[in-house]
Each structure stands twice: as C-alpha cells, then as structure tokens.
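The next part holds the structures, each set out as structure tokens.
Two complexes follow with chain A in common, the first pairing it with chain B and the second with chain C.
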Partner chain A sequence: MKLHHGAVRVVAGIAVPLLLLGAWSLTAREGWLPDQILPAPGVVRATLKEFIASGELLDATLISLERVAKGFAAGAVTGLAFGAAIGLSPRLNRLFGPTFLGLAQVPLLAWMPVMILLVGIDEGLKVILIGIASFIPVVLNVAQGFRDVPPALREVGAVLLFDPWSMLTQIVLPAAVPSVFTGLREGLANAWQTVIAVELFASSEGLGYLMSWGRQLFQLDLVLAVVVVLGVIGFALNWGLARVEGRLGRWQVRPA
Partner chain B sequence: MPALQIAGVDRTFHVAGKLVPALRDISLSLRDGEFVAIVGASGCGKSTLLRLILGLDRPDKGEVRIDGQPVRGPGLDRGIVFQEHRLLPWLTAETNVAAALRRSDLPAAQRRQRVAEYLDLVGLTAFAKAWPAQLSGGMAQRVAIARALVNRPRFLLLDEPLGALDALTRLRLQAELARIVRHGGTTALLVTHDVDEAVFLADRLVVMQPHPGRISDVLTVDPAARRDRSSSAFLRVRDKVLGMLGVETEAVRVGNYETAA
Partner chain C sequence: MKRFSPLLVPLAALAIWEAVSRLTHVSHELLPPPEKVAARLWDGFANGGMAGDLAASLLREFAGFVIGAASGVALGLLLGLSRAASRLIGPLFLGYRQVALFAWVPLLSMWFGGGEQGKIAFIALAAMAPAAVNTWRGTSALPHSYIELSRVLMFRPLDYVRFVALPGALPAILTGLRSSLIAAWLATVGAELFLDVAPGLGGRMNEGRETFQMDLVLASVVLLGLLGLTFSRLAVAAEKTLLKRRAT
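Take a look at the complex of A and B:
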C-alpha cells in the first residue's frame, strides 16, 4: 500500500517534466523555432556530455557552489542570530524591526552598484550579495517562528519553573523549528538564484559565467545545459534540507 | 491555619477598553487532603481563580495564601492539569512527564523511577515512548495528569481536565481521578461545569455565579452520596446544585426523589 502510494507520487511528479520534454522535442523536430534559439534535446545532451568530459562544467559548478556555501553560511548564521533576537525581544524588535523591514524591500540587484563601490567586483561582492539574499528570508521566518510559540506552552514552562535555558531548549526552539527551516530553505533557494545573477553580471568563472559566455557565442545548447544543471542542484539542495527537517520533526506524526 | 486560603480576592480585566470584573470578593479555604470542586457556568472566573492560585496572575485586591504565606509565583507545590493536555508535542509521553522534574532535586536514577511510577499510575507504561500526536485525547490527558503529579505536589489544580473528552472516556477518567488523588493524599481543587463530576469527586462543592464571578453557595457532600451516581442521595445533591445554577430538573419541580430515582 505504502509502496503503491510512493510510486503514484513519483509518476505524478515526473509526468509534467516528461510532457515538457516531449513538447520540446516536437518543437525542435518540426522546426517551429530556429535552432539557434531552441536547440534540440539531443544537442543539449551532447553539449552536456562534452562539458562534463572536459571538466569545465564540474569546475564551474564547484566555484558556484563554493560561493553559495560561503554566502549562505554567513547569511544563515547572522540571520538566525538576528531573527532570534528580534523574535524573542519585543524591545529589540521595536528598535531594529522597522529598519530591517525597510531594507528588506530593496531589490537585491539594487545593492550591486553600491557594493561594487564599497568592496569592488571580486569574491567579496558575490559572497556579500548571496549573504544578503539568504539573510532576509531567514530573519523573517525565524523571527516569526520565535514570536509564534504558543502562549499555552510557555505557561506550562512557567508552571514547571523552567529556567530561561530550559524554556529556550524545551519549548521555544522546538516550536520554532518548522519556521526556521522554512527560512533556511527560502534562504538557500535565494542564495542559489543570486549566485547565478551575480556571475552573469560580474564574473569570469562559475555556472552563471558559463551561461553568459554561451549566450554571447549564441551557443544556446550550452545555456540550456547549464539550466538543467542549475535545476538539478537546486532541487537536490532543497531535498537535503527537507530531509534534515524531517529528522528533527519526527514528533509530527503523519497518518500513514 | 488552612492549607490554602483565598482571602477577599478581586480581579478585574481590561477588555476592549472596558473594565470587566472577573472575580469579586472571593474567599475560600482548603484543608490538607480535601477535594473541593468549583462549579459554575462559563464566565464565572473559575479559570482566573486557578491562575491566581498558580501564581501566573496576581489579584487586584486580597491575597492567595499557602500556610499563611502569600503566593508570589508558580511553585512545584502546585500541579495543574489544563482542559487541553498541553503536552509538549516534541517530547514523548515519558519525557513530557520527566520535564516536570527538571527543577527537582532527585538524582537521575530516582527521576526515571518516579516517571515510570506515575506512568504506571495512569496506566500508560506501554505508551511511554509514544509522541502526543499518537495518543488519544483521553491518553494524552492521563499523561498530563502524571506530569502534574510527578513532583508529588501538595495541591493538584484541575481546570476542567475532562471537559474536552467524550462522555465514556470522561466517566472512566473520573473514576481514575478519584483513585489517583486519594492514593497520593493530595489536596485537590477541581474546576468544572459538569455537576455530576463535581458531586462524584468532591468532598465540598463551591457554586459560583458569573458577571462578576462570585461564590454563591458552598455545600458539603456526604461521602455516602458520592458512592453511587444513581442513588437518590447523589441525585438530590446534584439537583440542588443544578437548581443553584438556574437549571430546573424534573425531580426539583416534583420534589420527590424516591419516585424519580
């Protein structure tokens, strides 16, 4: 029964991508769009193979992943701390909350000219922008999660004479776990999108650079090959975080 | 000196810009080992009174005293079972009960033993490792009772603890509650709107009226009347209390318990 259920989910999840692939093949075969704009799936697959074999794709992927790792780590750690602080302390929230919300409204790319003037166009720029991109959703969700701890459960802690440490570890943190993970997942997705945007604009290596290079040479097959890699890695990162969250949320017993 | 004394307590809340008196001039004393039930319609301030005894809230006037000392905050001498079980969903039945011992002086081995003892008392030894989401409402409430008792508190406060359960489970847990409370010799204060439950469990009934919450009557229940829910003595007490709460029953109108029973 369980297996059957799982199989249905896989088939349902895979149906739409297969359909799109079919439409793509058909469009290419019938020549509805010029080859330069939409190369056939076979061409993209060949390009993918070629770039994997030469090691260029792996190099570019590792460079992009490293930037994401640095930026996301910085954004997530500071975001967790700041989000927890304004979520737990109404006073800190009154002091910093409005400023944060205002700055969070600034589109990420609008920071770029300012940041280029401040830190130049090197590695620092990428890590800072990716950091900001992950910081914002982490702070928003973490603060919300800490604020939304059910008062009824806090009261239980008070009745049992919990000290602040017990209150935090036994009640506040576990209650905030789902929101924290929502924030981390959004932050990671943002980080992954931002690394590509930054590399498209200002880089000589990485997956984003590979794409912009392919576009300049009118090698749309290369652009599409990178798109495939981006999708797969983004999916894998999200899945990995969801697994960690599932482990921490074992108590949320779902009907089988 | 009474074990627990509520002395001339007033409590008023600000609700939407208006002053709403929740409790007016409440005075009540409990002796050690006594089981007292407060009955009243919703809005009569029963839960507010329990919060004052717990020390989660302060009276505007008057005092709550234990052995003559005013209550200043929560303490492990007072355990509470709420209407909702309020178990921590991320802890198992066992660790929920153990959480109540975080501030206890017992060594670890004795804590484990104590947790096992109280899970056994509520008949849930087999479910020690279950998450609250895996337990039925009645089972979760038993865990909550074990959590309230595991510190062996002097006072057990019960805030409509069986109110959210189905009728059958409620009857079964009433019998268990009677057994469990007598077992520990705890002084218990039950708040309920179920008059049957109050008569079945309590030595003394306190009838409260709403708007503002105040005590209208206090009556002692004859232990003999308690034993059998269908005895005329039980029904007489129940109907008397229902009458005080403004609910007329057939027996009250006819005035003949022998034929009604």
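Take a look at the complex of A and C:
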C-alpha cells in the first residue's frame, strides 16, 4: 500500500513536466514559434551533449564553482567572525550593528558598478561580490544565534562555574549551531545566485558567461542547456546541504 | 552616550574617507570625498533628473512586485490547499526553484525583449517565488481541525479560503511578501543593469561607471540603500498593523 502511495506521488509529480515537454515538442514540430524564441527540446539536448563532449560545459561549471568556493569561503569566514563578535558583545553590536544593517539594505548588484571602478572586472570583482553576498546572511544568522542562546543554558553554565571559554565552547557554540548553519546555507545560496549574475554582466568564462554568449548569438538552445545544468547543480547543492543539516540536527543540544 | 554609539562608526568611517581622499594621492575620480557625493546627490535631484530615474525605477519595481506577488500568493494558496495541485505542480515548482534566478534574464530578454516588458517580467519572476513558498508553507501548516470545522459549518471552498486559510496563514504570507519586495528591488537593479538602457537608477549607475564618475555611482548606491531601508521599514510597519487587526 505504501509503495503504491509513493508511486502515485512520483507519477503525479512528473505528469505535468512531461505534459509541458510534450507541448514544447509539439510547438517546435509545428513551427508555432521561431527557433530564436523556443528551440526544439531535441536541439537543446543535442547542444547539451555537444558542449558536454567538448568539455566546454565542464570547464565553465568548474570556473563558476571555483568562484563560488573562493567568494563563499571569504564571506563565510569573515561573516562568522563578525557575526560572533556582534552576537556576543552588546557593545560591539551597538557600535557596528546599525551600520551593518544599513549597508545590508543596498541591493547587492548596486555594488557591482562601484567595485568595477575600484578593482576592475577581473577575478577580484567576482570574489568580492560573492563574498559580500555570503557575508550578509552569515552575519545576520550567526549574530542572532549567539544572542538567542536560551538563558536556561547559560544558567546551567553559571551554576557549574564555567569560565568564559568553557561557556563559549560548551554552551554558546553548540546552542548556536542551527543558526550558524542556516546562515551558511543562505550564504551559499546567495553566492550561487551572485556568481551567475556577475558572470552574465562582467566575465569571459563560466556558466553565466556561456548564457549571455548564447543570447548574443541568438542561440537559445545553449541558454536553455545551461539552465538545465544550473538546475542540476542547484539541486545537488540543496540535497548536499539537507544531508549535512540532518546530521548536525542529531547532536544539537536542546534545553528541556 | 549609549544612544549615540550607533553613530560613532559611520562618523569615523566618513572621517577616514574624507582624510584618505584629501590627504593621500588617491585620485578624486576613484574616491571622491563624501561631500562631493552628497553634492552630487543634491544636484542630481535639483537639476539632474534623478527624481525621474527614481520614479521610473520605483514604478517598474512596483509593477513587477504586484504581478509577481499576486501570482505567487495565488500559486501558494493553490499548492497549500489542494493536495492534487501540490502533487501535480509542487515538484515542478521546486525544480524551478533550483535554477539561479538570474539565469532567467537571457531567456526573458529573448521572450519579452530588453525593454520595459522584459524588465517587469524579470522583477515579477523574482517576486513570485518567495510569496509562493511562504504562502504554501503557511496554508499547509494550518491545523486539520480548521478544515473539519469548516465542513461542519458547510463553508464553500471560497469561503474557507477567505475566512480561514487567508487569515490563518497571514503571518507566513506577510513574511513572504516582505521577501518578495526585497527580491523585487534587487531584481529591479539587476534588470536595469543587464537589460536595455532606460531611465532608472540602475541605468544611471551604469552611465556613471562607463563615464568614470564615481561620485554619481556612489550617490546612486546611497539612494538605493536608503530606499531598501525604507522598504523594509514599511514592510515591517504594514505587517504589524495587519497582524494587530487580525488579533482583535
């Protein structure tokens, strides 16, 4: 019975996408829309195969992922440090918190023209923008997590006469793990969004660039092929993060 | 003293900025002193057409937000209230969410053109997902007893949506709308930077970058930040008012 239930779910879940795919094929076959607007699914598949075989897609993917890794690492490390500082110290929070929140209101892409003038359009630009994109959610969540440690847990530490270091490592850090993780996850998602945006605008390599190139040549098949790749990578990222999160959740401390 | 401490850091930063741009050999083109940026902002409004750019950007954002948020809430309600819909469209929607938002820019610009339509379509797309996800989450988390009660009271489906589902999921929907508003603002800047040149703050920034006018670029950043701040303040205030009304 359970299997049957699951099967219904799967069938229902792929019915609409299949229907859309069918409509798309039909549209292409009947020539209702020009190729520059909607190339046939077969053409997209062929382009995808061709770019996989030539290695161009893999190269572009690796370049984009490398940028994400560099920018995210920079943004996450600085964000953890800054978030922990303003989360733990009310005084630092009074000093830096409002300024940070104010700057965080600027839409990320607005920094792009500023940074282009300051550092040019090389790798530095991408790493800085991706870094800012991951920094902001990491700081917000880490600070919140450190601030919101349940008072009951702090009292336990006080009763046990913990020194500040043990208090931090034994009580505050474990209690803040879920928020820290949420921040890192949002930061990574932002980093991934940003690399595509920056590459569309100012790059000569990477998946975003491949799309904008495809558009300039009116090759929508290439654009759609990259969309497929982006979907697969996005899915893999989320799946991986969900697994890590499940693992972390198991040893998370909860006040009774 | 404590009351003024949030001002200390910005003031110190301004002082350092002023000092660096005056005392070192960094060119004023690369780092204009703060007062020059302020003057540029003032001048932009007084006789540089910045008010027109601001209005164009806001209008664009608002159009995209309304279309995107309305369709997002509708989609979220459908997914949250109808099990058939969530089984049929849910996986497709979740699959769509895996693709980075800006990946749709090249496609939309081919389908809708790089002009106003393409921009608004992209802003709407950006605003749609947060509204849909939160509405979906909010309505599907409603206690099952609400449905039973509505059955007992013989509510028609539309009455259930109006009197039970919408008010019940209101906090989640408002959270979604706030994220939608922020996403729409980011998308507005993105659309103006990526798509055809048109009046708007993003276009103005691009012009500043191409002609190497850092003061103009920074003045636009200040303005965009202030607007972002205003949006989130307004959204929080609206949320409070609406939720208070619901509580009474």
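Convention: the second predicted complex is superposed on the first by the 216 of 256 C-alpha atoms of A that agree within 3 Å, B and C clash if a C-alpha of one lies under 4 Å from a C-alpha of the other, contacts with A are read in each partner's own complex, and residues count from 1 in each chain.
The rule is short, and it goes like this: contacts are C-beta pairs under 8 Å (C-beta built on N, C-alpha and C of every residue); 3 or more make two chains touch, one makes a residue touch a chain.
These figures come from a predicted structure and were not determined experimentally.
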Chain C versus chain B on the shared chain A, clash or fit after superposition: fit
Just checking: does A:A152 make contact with chain B only, chain C only, both, or neither of them? Give me first, second, both or neither. first
Could you look at A:L161 and tell me whether it touches chain B, chain C, both or neither (first, second, both, neither)? first
In the superposed arrangement, does A:I171 touch chain B (first), chain C (second), both or neither? first
Scan A:W192 for contacts with chain B and chain C and give back first, second, both or neither. second
Touching partner for A:F201 - first (chain B), second (chain C), both, neither: second
On chain A, which partner's contacts cover more residues, chain B's or chain C's? C
Minimal inter-chain CA distance - chain C and chain B, angstrom: 20
Could you list, by residue number, the parts of chain A that touch chain B in their complex? 152-153, 155-156, 158-163, 166, 170-171, 174-175, 177, 250-253
Give the list of chain C residues in touch with chain A in this complex. 2, 5-6, 8-10, 13, 30, 84, 87-92, 95, 97-107, 109-111, 185-186, 188-190, 193-194, 202, 205-206, 208-209, 212, 214, 217-218, 220-221, 224-226, 228-229, 232
Listed in rising order, the residues of chain A that touch chain C in the complex are 8-9, 12-17, 20, 36-37, 91, 94-99, 102-103, 105-114, 116-118, 192-193, 196-197, 200-201, 208, 211-212, 214-215, 218, 220, 223-224, 226-227, 230-232, 234-235, 238
In the complex, go through chain B and note every residue touching chain A. 54, 56, 74-76, 78, 80, 82, 84, 86, 88-91, 99-100, 102-103, 131-134
